[in-house]
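By letter and in written order, the chains are A, B, C and D; residue numbering begins at 1 in each of them.
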Amino acid sequence: MQYILKIDCPDQKGLVHNISGILFSFGLNIIENEEFVDHVNDHFFMRSEVVGKLNRAEVFNKLCSILPENAQIQLHEKKKKNIIVFATKEYHCIGDLLVRHHFGELKANIQAVISNHDYLKDFCEKFDLPFYHVSADGMDRKEHEQKVLGIVNQYNPEFLVLAKYMRILTPDFTNNFKNRIINIHHSFLPAFIGAKPYAQAFSRGVKLIGATAHFVNDNLDEGPIIIQDVIHTNHKNDASMMARSGRDVEKIVLSNALKLIFDDRVFVFNNKTIIFE
Amino acid sequence: MQYILKIDCPDQKGLVHNISGILFSFGLNIIENEEFVDHVNDHFFMRSEVVGKLNRAEVFNKLCSILPENAQIQLHEKKKKNIIVFATKEYHCIGDLLVRHHFGELKANIQAVISNHDYLKDFCEKFDLPFYHVSADGMDRKEHEQKVLGIVNQYNPEFLVLAKYMRILTPDFTNNFKNRIINIHHSFLPAFIGAKPYAQAFSRGVKLIGATAHFVNDNLDEGPIIIQDVIHTNHKNDASMMARSGRDVEKIVLSNALKLIFDDRVFVFNNKTIIFE
Amino acid sequence: MQYILKIDCPDQKGLVHNISGILFSFGLNIIENEEFVDHVNDHFFMRSEVVGKLNRAEVFNKLCSILPENAQIQLHEKKKKNIIVFATKEYHCIGDLLVRHHFGELKANIQAVISNHDYLKDFCEKFDLPFYHVSADGMDRKEHEQKVLGIVNQYNPEFLVLAKYMRILTPDFTNNFKNRIINIHHSFLPAFIGAKPYAQAFSRGVKLIGATAHFVNDNLDEGPIIIQDVIHTNHKNDASMMARSGRDVEKIVLSNALKLIFDDRVFVFNNKTIIFE
Amino acid sequence: MQYILKIDCPDQKGLVHNISGILFSFGLNIIENEEFVDHVNDHFFMRSEVVGKLNRAEVFNKLCSILPENAQIQLHEKKKKNIIVFATKEYHCIGDLLVRHHFGELKANIQAVISNHDYLKDFCEKFDLPFYHVSADGMDRKEHEQKVLGIVNQYNPEFLVLAKYMRILTPDFTNNFKNRIINIHHSFLPAFIGAKPYAQAFSRGVKLIGATAHFVNDNLDEGPIIIQDVIHTNHKNDASMMARSGRDVEKIVLSNALKLIFDDRVFVFNNKTIIFE
């Protein structure tokens, strides 16, 4: 059996020695191990992949006994995550995810797709996925989110993936899923926060367009950044051509971010990510 | 003899035919030619490199006779530009330029270096360049700029290159050199405008750091963008490490922007650049 | 109506003037125009997008009358190309193309998919595309190609797209489709020609892996290169991990190459491509 | 005091625990630590930066006592390396290194420059560096290398940096400096091995040009690769333009490789590099 151990806690001398000692004492074999110390905040991060047979509670308790009190410890079997995908009308991100999912590449089970439009219904159903069209017509934001939440709660997903979901989520909603909602924003944040980033980019005459995968928190487009990438552009491209060529960056950035998250390689600390690639 | 012709004017039918007809009628050989029509503003841009013997006034007048009245026409021999380089204390951009200049790669004559500190004096003098230390100590901004302008005016340069010149120039100064001052900003604009972009980038937890070469206009960091590039970064890099690895992007972006400008490949229109690479 | 004009011929003075004169004389409006002169071979290339009403034969004849005898001239309406996609078992390139096709982004009609395995049958049929499984079991190469050719000929496609088709095509086959077969090779050619490029790359310890879209000619992996791109890799990735992360480069490179080809932006000359992006 | 510990040895259970235990027992504080297990060869690599006061022999012996017999152990103070730079006529790589060196950025002391031409003499002497012009005129390869070796041996450098040194070194020479000679090759190896890579690249019509920093071993351009990077090119660039734009990649790739090496972040194993960035 293969397990992932993630620890973060205030730094102190001997942590690596003590933690690896416990793993060793249980006869576990470390096949991948990475640590990082944030020297600005004196905080320690460690991720181990171990192979062996273990009693989860026993190892956990032993780790607790040697770690600082406020240490964050995660220890679980390596396995696919359950997720729900949100989309609106754009097909490129969700199309990419559904193809990967269909062929077993995505390290996740897509339990359902939720959309505020029905445009992608036929497409999603080709892949035998439950598709929920939750129109926002005639509803206030709170009401709509309650309906969406009702569906989400049926599934108990570990992560929500906003694959170009073009609605702002309120803190009431996002607070239910701290560091568990991933969004793809179509600019290299913090440039061009908010609506119509390609129109903003065209208007400013930038020579790069980009995409940012980030966790969603209370403030629009201000959550911890996971991955960013850009492509070059030039005067020949108007806003809609930028949008078109930006799609490929968006979908690859989102997919790469998910790969890291589903592999338990991402820590969030102080609104930033620490990633053991 | 080799000439560069640059034209921009409102678009109309037959422009390419008519302009190339004039060049042809003077027996000039077009060795490189590029056009672009901005369909949002219906504006036409054309750059030609021609070889032959020509009477500049004659060709110019002929072109005027067939182009719209407000057409911008530049026709001049292909030759090195005269420039003055501004710096403060950082050596990477000016170091890169001085090495290229020394070996004849830069398509420009550096007439002088001006700095508000004397830190780079010895270095610049190794390359036999006049170095002007214009300290700003005890002066107001206006006074300092007047002193700098006095030196600049002795040389009559075509371009001013701000190779990490860490002072803001006032409109009073910049208005003398419209689209003739090039700055390198150490972020992918419009992200992280103003001071300490790397500190801002570190604090936001971005995964890309970048550099932007742009013309300087009245508003800080808001002039027409020429080139931008980025490199990836991660949680291991604090602000000073970002600054260090950003230096290489900065110097290459600046140098590439200058190459395009000194080759007369850059048009400015509506606060954006059109570049015929 | 929108037309594309592509011309290539030995260079001579006045070509741009004369060609644009003909377009002008027919009242056509040039909305995009690019030329290039290959000064090594003194060869001229031009691509124009024109809008207007035209008699194709008339314009063509007029162009012939002023161009060198061996000029290549293409003039046709701007429209979607008919293509057949070839695949084997890998899903990433064909999956990407089918999603784009489904949503009308691909500037082509996929007429059919041909594969030497049936692994992708269900997937392709989700998208209502004819899928031909032409097993090579118990056949020699010639026999298999004849069967494939039989199917292809029913459709009369303009291009064949090898989206990870893992069989070598003989000159007997490829000669039927000069510069009309596009392949995606999973390395930055000319490195790692032939089979198992990722295994070769891992064994050599390279720090970049790449993909190359190219036209197929008589010699394996030696046809004209259209686009190449790379991603960084490191010692943590074995051959299979390289293959996995290489997939995204492959599919984006292939899709970008097809975009250029279907937009009539690619010339082939002396086993190289000239591309007006 | 800051020390670097590098260990590589056959993998076995408990290595991290045991090694970190020794560091801990000597009261050393680990400020950076990375491990990697090559699961193909079952080989373990570890690099630690530790702070504290230590008796080098004591720690070394203790480590030996718990590690497999054939373990490679390096333990030394963190400090600048002594290097000799080799060049021929091209100035871009050596120019970049000399500027960094002058301002204290290079983590090395350049003890001398050796060249088979005198073209760069004046330039190097601006920076107050001993410059040895060892002409190869009228000498056979062995004789020339002996003369070069004589100079090198006066300095006892830790690394030799070939900053565009355009002569092939024989195994007789290179065997003296196993994994201590770094070369910059102007292509993305293994493409375009040997002379004139840009001419080869132009002739093949590639769309990427690149550079590779590698250790030099007995076989030309076949040593362990440290870093590679590429830039995009197109049909407009002939071989000499490729060479010109390739210079910037070359110099940055070389400089980045040296940064890693001088920081003791590079292991060589089975003709590949393991790099803890």
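Basically, contacts are C-beta pairs under 8 Å (C-beta built on N, C-alpha and C of every residue); 3 or more make two chains touch, one makes a residue touch a chain.
As the structure is a prediction and not an experimental result, all values here were calculated from the model.
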Tally the contacting C-beta pairs at the B-C interface and at the C-D interface, and name the larger one. C-D
In terms of residue numbering, is the interface formed by chain A and chain B classified as same (over half shared) or different (under half shared)? same
Please work out the Cα centroid separation of chain B and chain C, and write it as a whole number of Å. 38
Centre-to-centre distance between chain D and chain C (centres being mean Cα positions), rounded to whole Å: 40
At which residue positions does chain A touch at least two other chains? 39, 236
What part of chain B is in contact with chain D in the complex they form? 91-92, 95-96, 99, 102-103, 105, 123, 126-127, 236, 244, 248, 252, 255-256, 277
Chain D contacts chain A in the complex at 13-14, 16-17, 20-21, 23-24, 29-35, 37, 39
Footprint of chain B on chain A - complex, ascending: 36, 38-40, 188-192, 204-208, 210, 224-230, 234-236, 238, 271-275
